[in-house]
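A short write-up of the structure that comes next.
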Amino acid sequence: MGTILEVKNLTKKYGGLTAVNDFSFEIKRGEFIGLIGPNGAGKTTVFNLISGFEKPNSGSIRFDGMNITGLRPYKIVNKGIARTFQLVRSFKFLTLLQNVSVACQSKRGREASKSAGIDAHASSILAAVGLVDKARIPPVVLPHGDLRKLQIGKALGTNPELLLLDEPFSGLTHEEQQTLTDLILKLHDDGLTIFMTGHVLRELMNLVPRVIAMHQGKFIVDGPPKEVANNKIVLEAYLGGGEAFA
Amino acid sequence: MLKNEIEEKVKQFPTYLKSWVKTFLGGLTLFCIISLIALPFLSQNQNFTHVFLRQFTLAMIFSIFAASWDLLTGISGQISFGHAIFFGIAGYICAYLISYQNFPPWIAIFIGAIGAVFFGLIIGIPCLRLRGPYLALGTLAFSLVLLKLFLMGSLSDVLFGSEGISDYRIQISDNPVVEYIIILMFMIVSFITIIQVSKSKFGTILKSIRDDEVSADASGINTTRFKVYAFMLSALFAGIAGACYATYVGAVNPTGNFGATISFYAILMASLGGLTTIRGSALGAFFFIFLEYSLIVAGAEIYVNLIFALILIVVVRFSEHGILKPILERIKDLWDLLLGR
Amino acid sequence: MEKNAKRIIAIVVVAAIIVGGGLTAYFLLLAPEAGQYVWSANDAPGAPAGISSSQIIKIGCAGDTGEIQGDANYEGAWFAAKTINQAGGVVVNGTTYYVGVTREDTDESNTQLVTSRGIAAAERLVYNKKVQFGVGGFRSEALLAYQEVFMDNKIIFIDTGAATDIFCDNVANFYERYQYFFRWMPINSTSLGGEILTTLAGYVMALNTTYPNHDVKQVGILAEDLTWTGSLIAAIQSYLSLFTNFWVQLLTPILYDISLDAADMNTHLQTLASQGCDFLIPVISAQGGILMMQQYDQYHYPFQIFGIDVQSQLDTFWGDSGDACAYETVMQTLHRTNKTTKSIAFWDAFRAQFGHDPLYIAIGAYDAVNGIIDAINATQSFDALDIIPEFESWTKSNPNPGVSGGGAWWPGTHDLVEGYPYGYTLWCQWRDDGTKVVVPAPRWAYVGALGYAIPISDLYPATLATGAYEVAPWVNTAWS
Amino acid sequence: MIEDIMNMLFNGILNGAVLALISLGYSLVYGVGGIMNMAHGAYFMLTGYLLLWGMRIFPGMLFLTVIFVIIIITIIGGLTYILLIKPLQDTHVGVVLITFGLAFLIEQWILIVSGTTSASINDYVLFPGTTEFLGYSMFNQYIFFIIASLVIVSLFALFISKSKLGKSIRAVSQDREAAVLMGINANRVLLYTVMISAFLAAIAASLYLPGAALTGPGMGWTYLTSSFAVIILGGMGSLVGSVVGGYIMGFVTSFTSIFLPNGPSWAHVVPLIVILIVLIIRPRGLFGKKKLR
């Protein structure tokens, strides 16, 4: 199992504020890994830097041995990294099938759908995320849980090797969380490398075998969930909110 | 990919056509097309062929133009307030080629449209950094700059000055019926292409950029490239319309071809008909031209623009999606009633 | 049951609408002669009631309805028709004909020109109203487009408002097609340029003797940056080369963008003043003139204004400009003076009819309609190919005077002959009591062989003048 | 040379003063509601024509007429918001179209009533005569206008920073959601904003136009495009930007006019080219908010 993503000394500043500070970690192919930290720790910024929506001030990101630092988002997607957003984004006036089929027309998506055709491939992805019966309706009428699934479906459409999930569980009911967890686990079992953020530690604990914790833009600890949960700095960081164990 | 898609479309065409005609919308469209084709042969009356029919030709030219605007703004979400750029430049190229280089009109129209595509490229690229209202103002500024440059007497040796180019040879045919048929063909081809593009996978990508550009980017779509494509494609049809307009009028001049009025015509017609519907542009254009015509015939020519302003306000205020949808719904209700459904 | 009833009613209603719509369309548009304009006595002012359509000479006015230029065109043609009809019409081959006028809106005065509206207006005149003659035109680019409709149908069209040379160049170069085009008004741009400069030179010469302490010399040009002013300024410059470094010196012409505002005008006038301008030649057809005069009035700039300002030709300009146009001297086709024997009578009758002065386009249209009738009378024919030779015979040796001048045209170009007593303009100056007078127009030219300037014949005899040229009091102070 | 420089400075300031006043309100509305009010130029133009007619009908009551006209325009601004903008607030294109329709309607109405001929409201020049400074003479009305414009801009800045309404306006303009959560009625604030912008346009017109002239019903569009240029240069929604941008644009115009070859005919092209360059290099303008809406 080789290294799929290598982040080195990543730093991002907004004016005087340092959102991500000298952040480094590695992800192995096939891993399922979480990034935790309290609100404002810089998790989304890390994702934005990896997926190209923001450019780092310094540091490098290597994917599969290629340097992808500062590339435009669609180029990074075409290398094999797909992401979802914390606030759900979808194409409001397109049907779910079209939503996914747009992703299927990216470079990797086209290769993946070469044999079946784009529409067929898109509906197979919709089937995989459990939305196939709603293929012909636009996303505006969907419940929140389905929108999250749609996001994952859109990400899968680009046929990624590494999937970045930004707070996939926020705002979901318990039931919705459960089905989504099943979906994510199934994707992982199928061989996808998954990197997800969360600020509620307990949700991640039972899910991922490895967790990276960050606080105020800085790397704190990297290890199995139990170890991370007992880390002093992590506990202190969460002390104010106490939500980690809520 | 595109090739396959087109091949597939061509293969499916006969069956597609059959099923399409049976749908309500398909039937109605076919009825309209057949009526338009039959129209010029209904009468030999000169008042009909040389005056009334010419208004139809004008409406068809403007409907291509409005549809091209709808393709850029309604489908791709790139708001353009300066669509006259493409309209005007194609007209000027066409007129120049006919008048100074003795080109036959149809070749000149074609080259004019290509010239507009080229302009779509050079205007599209810098404008890509702009979004929403900024893009709108940027394109408006572009068209005003062109207008002023073309108006300048001191540049008239190069850009023909405020009087533009005029020549009796700038026309498709001196027979209005022939002209009508040719423009009708242009219109049908343009509309089929624009509607098919908007329905195709390519169109889906354009719509996805309109709905959420960030998300389209995250889906691995090179949004920049597709936006430039949208500009070029829209410029192509705006160029066809502009070149046809030049031949319709028989002359080009800065205000008449680059003026802000022309840009606003596109916006008015497309939004009167209904944004993103493409077909609505045709309805809007016909509505616009014929309301103007009937007001003039009724002797209310000085009130024409006032009444348009009122109609625009009322339509935009009370029917956000234009008049096409409500009208189609009424006709469909009526149709169902007639069939006893 | 109820549903079926509704259905039947709907079918009946729809069928009725289709049949009704079809019949209406047939009778309004499709039937032979349907929708054709029916000429009646209403179109022929002053004609006896009950005359038939075939007795009417059909003249179409192309102009912008609701704007001064288009209205002036119609007023002139209408007034001519009325005068002729009241005098008993015209007898051709034993039948009495009356003059009918009709108008269509070409929308050409609109700053946001839509060329196709002009085309549509011309098409309605030609195909719907079946006019035999066209009269009108003001904005060159609009007229360039819609004159083709008349040329296509070999209908004589008389230009009464557009000055650009290109129309008559067309006649010269493509005679076969454009022989139906004639310019009755105004004189072409190039000739206007010559008239401006030679007359100005005359005044400069005279003023230099009146004001020995001031060297009246610098001439500035303030013009709209458009094609029509381009040829005029080129003409002024080429005439000026005759006077170079003698006693008139031209400052760099200021060609401004037509969408100017007060600050721009202020900039331009201050620039001219700082360069020591003594005479300013405006070449303005649009709203720039009012800004210029307003600021001239406020600042009391030490120069005289002497040139073309179309809006200032109207008597209403005094009120519109807020009494600011005193001492402006403008070119004007006609004022209440004996330009020809008919002029004063026409002027008074026109004012009595409409309550305001005729614009140059109205005078052109009046003369044009009269000219058409004269030609019909002379040839006893309505055929364009008969009438064109008649028009072409009205040369310097055989003029046909109207109210505006001697009425002679160049056969090859169909352009108005410039120069007294044929086509010439008057110079009119506003007085500070709001009246306008015709001032004398002495002309001087520089003769290279002699090395000095000599007076050439006046633009028009001094007897036409109704007042002396006045220097504004503040200019008087500055110059003495 | 010194005269040319004075000429450039004075007319730059004059141009800047009117542009600043017009764009201030325009930019304010954009900042608060994210909407482009295309009828803004029409308010300016309408003020001029109402003044002209008012002065002809009530020749003795100059100040009353002016105040009355300004009130009418402010009310028209409010009505524009309530009747036209508010129902369509969510669609940018819709607001643009409907306010464009309104501007067009006003223009056409005036066109029908008074025709295209230009007119002057010279009778209402408060300070006739000129003042000379460094050999350069200036029209007193313009000096008065420049000073008045500066005073109004300062008062306006004071109003925005100190008054309760001003604070709400700032709050809504910075973060609409947060302002709504704080209990500010965003719609009402936007209503006042549109009225204030109309008020500013009316003031600008009633002070500037007596020294200028009514150059036809289409004149509103010229001022609208100019204020587009200004707010793009200054940054959309930025009040400092629209004042600074107004003056920069004024100087660019007068500089082009005086010092460049063929300047007068390029005077109104150069600002447009400036806009394009600004848009391409720095789309948010000089003082714009970082985020594009």
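Going in written order, the chains are labelled A, B, C and D, and every chain counts its residues from 1.
Here, a contact is a pair of C-beta atoms (placed from the backbone, for glycine too) under 8 Å apart; a residue touches a chain by one contact, two chains touch by 3 or more.
Worth saying up front: this structure is predicted, and the values here are computed from it rather than measured.
Two chain pairs are in question, B-D and B-C; the one with more C-beta pairs in contact is B-C. Averaging Cα coordinates per chain and for the whole protein, the chain whose average falls nearest the overall one is B.
Relative to subunit D, the most remote chain by averaged C-alpha coordinates is A.
In whole angstrom, the spacing between the mean C-alpha positions of subunit A and subunit C is 74. Centre-to-centre spacing of subunit B and subunit D amounts to 34 Å, using the average Cα coordinate of each chain. With centres taken as mean Cα positions, subunit C sits 37 Å from subunit B. Chain centres here are Cα averages; for subunit A and subunit D they lie 48 Å apart. In subunit A, no residue reaches two or more other chains under the touch definition. Of all residues in subunit B, those touching 2 or more other chains are 148, 152-154, 260, 302, listed in ascending order. For subunit C, residues that reach two or more other chains under the stated contact definition are 66, 111-112, 225, 255, 257.
The list of touching chain pairs reads A-B, B-C, B-D, C-D.
Per the touch definition, subunit C reaches subunit D in the complex via residues 66-68, 109-112, 225, 254-257, 259-264, 266-268, 270-271, 274, 287, 289-291, 294-295, 297-300, 311, 316, 320-324.
On subunit B, the positions that touch subunit A within their shared complex are 1, 201, 204-205, 207-208, 210-212, 214-223, 276. On the subunit B side of its complex with subunit C, the touching residues are 42-48, 50-52, 54-55, 58, 148, 151-154, 156, 161-164, 166, 168, 174, 245, 248-251, 253, 255-257, 259-262, 293, 296, 301-302, 334, 337-338, 340. Against subunit B, in their complex, subunit A makes its touches with residues 51, 53, 72-74, 77-78, 82-83, 85, 89-94, 98-99, 101-103, 105-110, 118, 154-155, 157-158. Touching subunit C in their complex are the following residues of subunit D: 3-4, 7-8, 10-11, 14-15, 18, 111-112, 115-123, 125, 128-130, 136-137, 139, 141-142, 208, 211-213, 215-216, 218, 222-223, 250, 253-254, 257-258, 262, 264-269.
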